[in-house]
Amino acid sequence: MPDVTPDTKKVWQRRDRNHQIMIWLGQFIAVAIFMYCWHLVSEKTTWFFVLDAPRIATDMLERMMPPKWTYMETLWRPIWDTVAIATLGTLMAVVMAFPIAFLAARNTTPSTAFVRPIALFIIVASRSINSLLWALMLVTVLGPGVLAGVLAIGFRSIGFVAKLLYEAIEEINETQVEAVTATGASGPQILNYGIVPQILPAFAGISVFRWDINIRESAVLGLVGAGGIGLQLSASIDTVTWTQVSVILIVILATVIVSEWVSAKVRHSII
Amino acid sequence: MADNRTWKRPPFIKNPTLRWGIAIGGAIYLSIAMGTMDVNWSRVAAGLPRAERFIMSFFPPDFVSRAGDIADGIYESLWMTVVSTVIGIGLSIPVGLGAARNLSPRPVYLFSRGVLAISRTFPEIIIALFAVKIFSFGPFAGIIALSIGTIGFYGKLLAEDIEDMDPVQAEAVKATGSSWFQWLNYAVQPQVMPRMIGLAMYRFDINFRESAVVGIVGAGGIGATLLTSFDRYEFDSSAAILLIIIVIVMAVEYSSGFIRKWVQ
Amino acid sequence: MLRLDKLTKQYKTGDLALKDIVLEIPDGQVMALIGPSGAGKSTLIRCVNRLVEPTSGKISLNDLELTTLSQGQLRKARRRMGMIFQEYALVERLTVMENVLSGRLGYVGFWRSYFRKFPQSDIDEAFRLLERVGLDHMANKRADELSGGQRQRVGICRALIQNPELLLVDEPTASLDPKTSRQIMRLIRELCHERKLSAIINIHDVLLAQMFSERIVGLQLGEIVYDGPPDGMSPDVLTQIYGEEDWEATIEKVDDEDEAENVDVSASADAESS
């Protein structure tokens, strides 16, 4: 190409100019928002305490050592309760989430105008409210105890399980459903032969995954009086018995690791 | 000759001993777990009128009488969420890179995985409990707790995403003679970026929900206001706060869907 | 006999998929429906069992008017029409046997089907069909463990166990290799002859259509542009259906291979009878 003159040389830019300016502007706004929020934080913070934090933290760690292992004897029951809350709560959520997911999925809902929005609202409401807040409400209403914990875990998990499940239902292979329909199957039969086999692995995986999360969540419900090992944790912190606190932390760590291992094992065997 | 062959659906677990063992063991566990629940039914019965009052307080909720407290709390929750998401993600990038097996030398990998495991195990609320003891009451403790939670969540997913990336593309860029940082920028970043932006939005959502809880242990945010309203049995105000939380979560979810579409 | 009278389908998007189709398929006839993508082949057979609701027109199967049936009656009518799908459409996580038995769903009640307690006669028939297509040893395999050709044979069993009067076959060979395609088409033809079934077979491959059908209908933009015997396919006809292209080679090849195929068929028939 002999006749390439300088003014026909192509300039390469990753983006055109307006797009680039938009990106810069976006970044600028993001940084400004963060700086402003940080300013609010620092206003509400006593920096003296923050600077003092390393000393307090080491002090706390020292007082936690050595863990008072004899305290374990009183912990078996709370551990049992913690696992029971997670299991029963998950079970309750799974049973209730199953129909809700079918009502919420676009391809199985009986009515997009009326039923689907209600199902979606139940899902959002359940998910938005942390299990600790559910527990707070239920303890106020039902009194402290394991029941409030089970219900709190259950209510929080309905939305989680139903959301993931209805997304799985919306992604099923429609021709398999069509094939079952073409045999003259009734509505429930289509569900049983065409849809459920396709989502069952996802459903089982989601349930086990949520159970694993719930073990973690049920360990703290005791902070508001809804049973489980959190009760002992807050009591030990209130009475400043740090050697018991360290035992409880180790127990929670161990429980979480075991439950994670179990859930990974189960999910592997399903898929 | 083919007639009268019977057919039964093959069971999910082939080994009959294992199958029945799991079924019976599960049934026994569940019945014991239910049996040990120790429900105080008279207390539950006594609570039912209160439950009714609580549900009725949603129709309509009372946004007005505690408007000042609610606004302050929500506002505080929001900026706590912004700061902790940014700091948490900022810190989780080096940790996540370190925890990707195909990127880091063995010692760095093990160290980073350790950091992730510890920050993921404990729920934010427990971390907040200790943060309050160490940094004193206030939103700073809450931000520390949420940031640590964010590191565990985001760092792990980032590491997994990097481990799952297409090695051919990564190799091709390396073959051009790029430096390590150039390689990160050209080979790794484009592959993991879209998903990671979506996850950042999701974590923002989680942090907002968590910020509504850490207040229960004194770490700032709307949680303290909510706790007070429960303690005073001002259910109308509690209902208002809960509805605001639901609406904000919906808004974040909606806009994150929008941003994700825009990024891809 | 299946009779379509002025069948029209217009989709919500405004696309007119079928325009006043008039078609009669006598009992026992295997008819191939050819045409370019988007000509309305798929819509046509889905209108027959109303997986797609026709906009206007009449469809009658042995004097039963299908377009006006209620949901319950439609389910009964669907039992009389077996359907075979492109990409097999087996429920992949169910076993081969469950997939075959799902063809009986229109005949058994919900709880029976839920507990997989089908009548012994259905199970016998399922085994007979699986044996006929050479898959009876696979009955308890999961459908996603099968190869493409095997899956399509299971799909054929599922359609046949309905004891249908009519087969609706949608691109049965679209995802199969050439050899398996022929085997599947031959199987469908043989089974139709054995059971005196009529069939509508949507197919892309003109060669296969000529080889294995008794009548070819060409569809273009929702209208019938050819209706006649397989040997009536000329370059002009193909141009009319598919548009301008050099068709000579296609036709030549057909004649050659058709003869080779005939030899093949008798040979395999021998092999099977022995």
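A, B and C are the chain letters, set down in written order, and residue numbers restart from 1 in every chain.
Throughout what follows, a residue touches a chain if its C-beta (ideal position, glycine included) is under 8 Å from a C-beta of that chain, and two chains touch if they have at least 3 such contacts.
This is a predicted model, so every value here is computed, not measured.
Chains making contact with chain B as well as with chain C: A. When every chain is reduced to the mean of its CA atoms, the largest separation from chain A belongs to C. Ranked by C-beta contact pairs, the top interface belongs to chains A-B.
Separating the centre of chain B from that of chain C, both taken as means of CA atoms, is a distance of 50 Å. Averaging Cα coordinates per chain places chain A and chain B 4 Å apart. Here the spacing of chain A and chain C, counted between their Cα centres, is 48 Å.
Counting partner chains per residue, chain C shows two or more touched chains at residues 98.
Contacts from chain A toward chain C in the complex involve residues 173, 175-176, 178-186, 188-189, 192-194, 197-198, 200-201.
Residues of chain C touching chain B in their complex: 95, 97-98, 116, 120, 123-124, 126-128, 131, 136, 139-140.
Across the complex, chain B meets chain A through its residues 29-30, 33-34, 36-40, 43-44, 46-47, 50-51, 54, 76, 79-80, 82-83, 86, 121-123, 125-126, 129-130, 133-136, 138-140, 143, 209-210, 212-213, 216-217, 220, 223, 226-227, 230, 233, 238, 242, 245-246, 249-250, 253.
Chain contact summary for the complex, chain C toward chain A: residues 49, 51, 75-79, 81-83, 85-87, 89-94, 98, 102-107, 110, 113-114, 155, 158, 162, 168. Within the complex formed with chain C, the residues of chain B that make contact are 2-10.
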